[in-house]
Amino acid sequence: MNNEFAAELLERVRKNKPLVHNLTNTVVTNFTANGLLALGASPVMADAVEEAADMAKIASAVVLNIGTLTASKVDAMILAGKAANEAGVPVLFDPVGAGATLYRTESAKRILAEVNVDILRGNAGEIAVLCGQSVQVKGVDGGGNANVRHLAKEAEKMLGVTCVITGAEDVVAGNESFIVRNGDPILTSVTGTGCLLGSVIASFCAVEKNYAKAAASALIFYGVAAERAVETSGPNRPGTFAAAFLNELSLTGREEINQQAKWEEWKQ
Amino acid sequence: MNNEFAAELLERVRKNKPLVHNLTNTVVTNFTANGLLALGASPVMADAVEEAADMAKIASAVVLNIGTLTASKVDAMILAGKAANEAGVPVLFDPVGAGATLYRTESAKRILAEVNVDILRGNAGEIAVLCGQSVQVKGVDGGGNANVRHLAKEAEKMLGVTCVITGAEDVVAGNESFIVRNGDPILTSVTGTGCLLGSVIASFCAVEKNYAKAAASALIFYGVAAERAVETSGPNRPGTFAAAFLNELSLTGREEINQQAKWEEWKQ
Amino acid sequence: MNNEFAAELLERVRKNKPLVHNLTNTVVTNFTANGLLALGASPVMADAVEEAADMAKIASAVVLNIGTLTASKVDAMILAGKAANEAGVPVLFDPVGAGATLYRTESAKRILAEVNVDILRGNAGEIAVLCGQSVQVKGVDGGGNANVRHLAKEAEKMLGVTCVITGAEDVVAGNESFIVRNGDPILTSVTGTGCLLGSVIASFCAVEKNYAKAAASALIFYGVAAERAVETSGPNRPGTFAAAFLNELSLTGREEINQQAKWEEWKQ
């Protein structure tokens, strides 16, 4: 892995315009679709049980996000996930708020049990809950105190996924493992930046079967775009930042990645 | 039809502030409401089967959009559509993604069978599917290769609607027929611009019974606003463009239409 | 009550970051979450009947908003409201569009009957309907002609709530009563500004048990932020205003409140 690999993947996304099927929460649908369009991918949202599987089959990646789950949405996610598995389409799962309520935790575990999740993305608290560790989660943005790298590696082995844990530093644990240090704290002041990140990672996984490298490349791209956006918007201006960030998802390319990428490989 | 007619309709919308009832998808609710408010119309969203018909009766126009359909939403759309038909309220239907899944195609056909749709708005692929032509549709933004003017005329006759097909050039086929060449490609980088266009056309149809002229006027207005917005935001900045476009839906008026309108009448 | 009290409450919100649980409509979820994050509160949205109560118990405030109600969402609101009541968590109810359809009016009355609502926020038309006065409501943004202060006082007594009626001037009627004159008419051109206001009031009530003072403080803060945002964005630019307003929800503090607050106490 090197910066050039990440830049090349980004260009492949922009050239192939993968159809990314998002079964996601009602808070972030608009931002997710706009972020994927800005990146150059092709978003679709279809979370009815009647069509979720049909749409998943023709997609290049499927994203399952339980931010505002209901019984029928969880059913649709499982149908979409299974159809994607059969069709060889990568599945990313974002267990938003796992641990916050019993229903959320159990739904997340049910999805992991019934779908072969390829990439699991969450914060430390959410991932810890799914690994059976007791970590307090406050709301859906809660962090955890566990050793994040160790946790990611444990989730990778226990759940059979490429695991991405985002936080002060982003950790990827898979067939290869990476730390990414791009990004800006203002991302936590705009709702849906974590959810959109999941869809951006899925877009990169749609064009590269080495999911660990694809995820690390997506994290670098996303973090560089955020850093550039905050330079434009200035601090403490989340409204302006959100628009500038969408701009940068469109504008950030090879040169910006080569200049600003901050990451390293790590081994356990 | 002339520019002055379009400008006069816009002023009528702003004066009458028609209540536009949108049964639309979860991705674009916010953008649709903000776009209608910026224009000067009065949006309402109520897609429960228990109240969809009651709201449709008191509305000045009803918009049905299947971007994220569910069984109960389709039922609500049909109830709202029928109530609007009875009350003489114009109904616009946007068959988002028809052709992408069987469920979507069948739901679109069911709506067309049970509701007297006044205005049908879609891209070429969606309209072709509803006319029984086989055109490949990729996701919800897919285009088609059919002869678009011919297709619009066919849909008008076969389905008994004023048909609006948007794309590189926008086509209106009804009791009169128009081509509109305003707009900017960046519209395809912001989700919901097609859906909002449907609601803007409905707003114009709320104040003018000649739906073909109303639709053409709305397309001119919308396209001019987009052109002005991209002048402000610059290219490849979809975040900034989206905000600038909402501004221009508020700012664009008679003078801008007279300066920038690009359209012509056409006959088969 | 004085400006310093309002400023101190704002700082308490930013320090405590209360978890505000929003069961709200699909049009405003994103804007509500972003507004709360900009303010410094911690939003969560979970409106499934399976988890609404569990989330309400761990929240610092609960907001019920029927902008796009369905049968199961109303059930979830009642479960969340009752759980909040038991846990001593303040409940704010926003009866969006009460009076527009029978289903909406009856659902609003059912919520008021089954949940101990602490703060009721609406426009004059909505509140009048809930007090049994017949006032015409057009859509969800409709105003009324009733004497607003009298109406607020009547709602307070009849329904046992702290009542907040927003309009040209904002009225708070509770154990103390206030008029707040901050704000800008452009707020009515951005969807969800009323809904977000409810969530901001709830955030202030999460850190101050005198709900009348908390609501007045929130109204002052919100109005000052709007006034500052429109100075930045200029008139008739709702897209730019929306982003600037989110910025100002983050930037507005003690100094701005002391300079711009416009309010008075009133007695019946």
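Each chain carries a letter (A, B and C) given by its place in the written order, and its residues are counted from 1.
To be clear about the criterion, contacts are C-beta pairs under 8 Å (C-beta built on N, C-alpha and C of every residue); 3 or more make two chains touch, one makes a residue touch a chain.
Bear in mind the structure is a predicted one, so any value in this text is a computation, not a measurement.
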- Determine whether subunit A and subunit C, two copies of the same sequence, contact each other through the same residue numbers or different ones, counting it as same when over half of the numbers at the interface appear on both sides. different
- Query: Expressed in ° and rounded to a multiple of 5, what is the rotation angle of the C-alpha superposition of subunit B on subunit C?
  - Reply: 120
- Report the inter-chain centroid distance for subunit A and subunit C in whole angstrom, where each centroid is the mean of the CA atoms. 33
- Task: Please list all residues of subunit C that touch 2 or more other chains.
- Result: 26, 30, 242-243
- Message: Going by the contact rule set out above, which residues of subunit A touch subunit B in the complex?
- Response: 19, 26, 29-30, 33-34, 37-38, 42-48, 50-51, 54-55, 58, 72, 242-247, 250-251
- Item | subunit B-touching residues of subunit C, taken from the complex the two chains share | 25-28, 30-31, 67-71, 97, 100-104, 138-141, 188-192, 236-240, 242-243
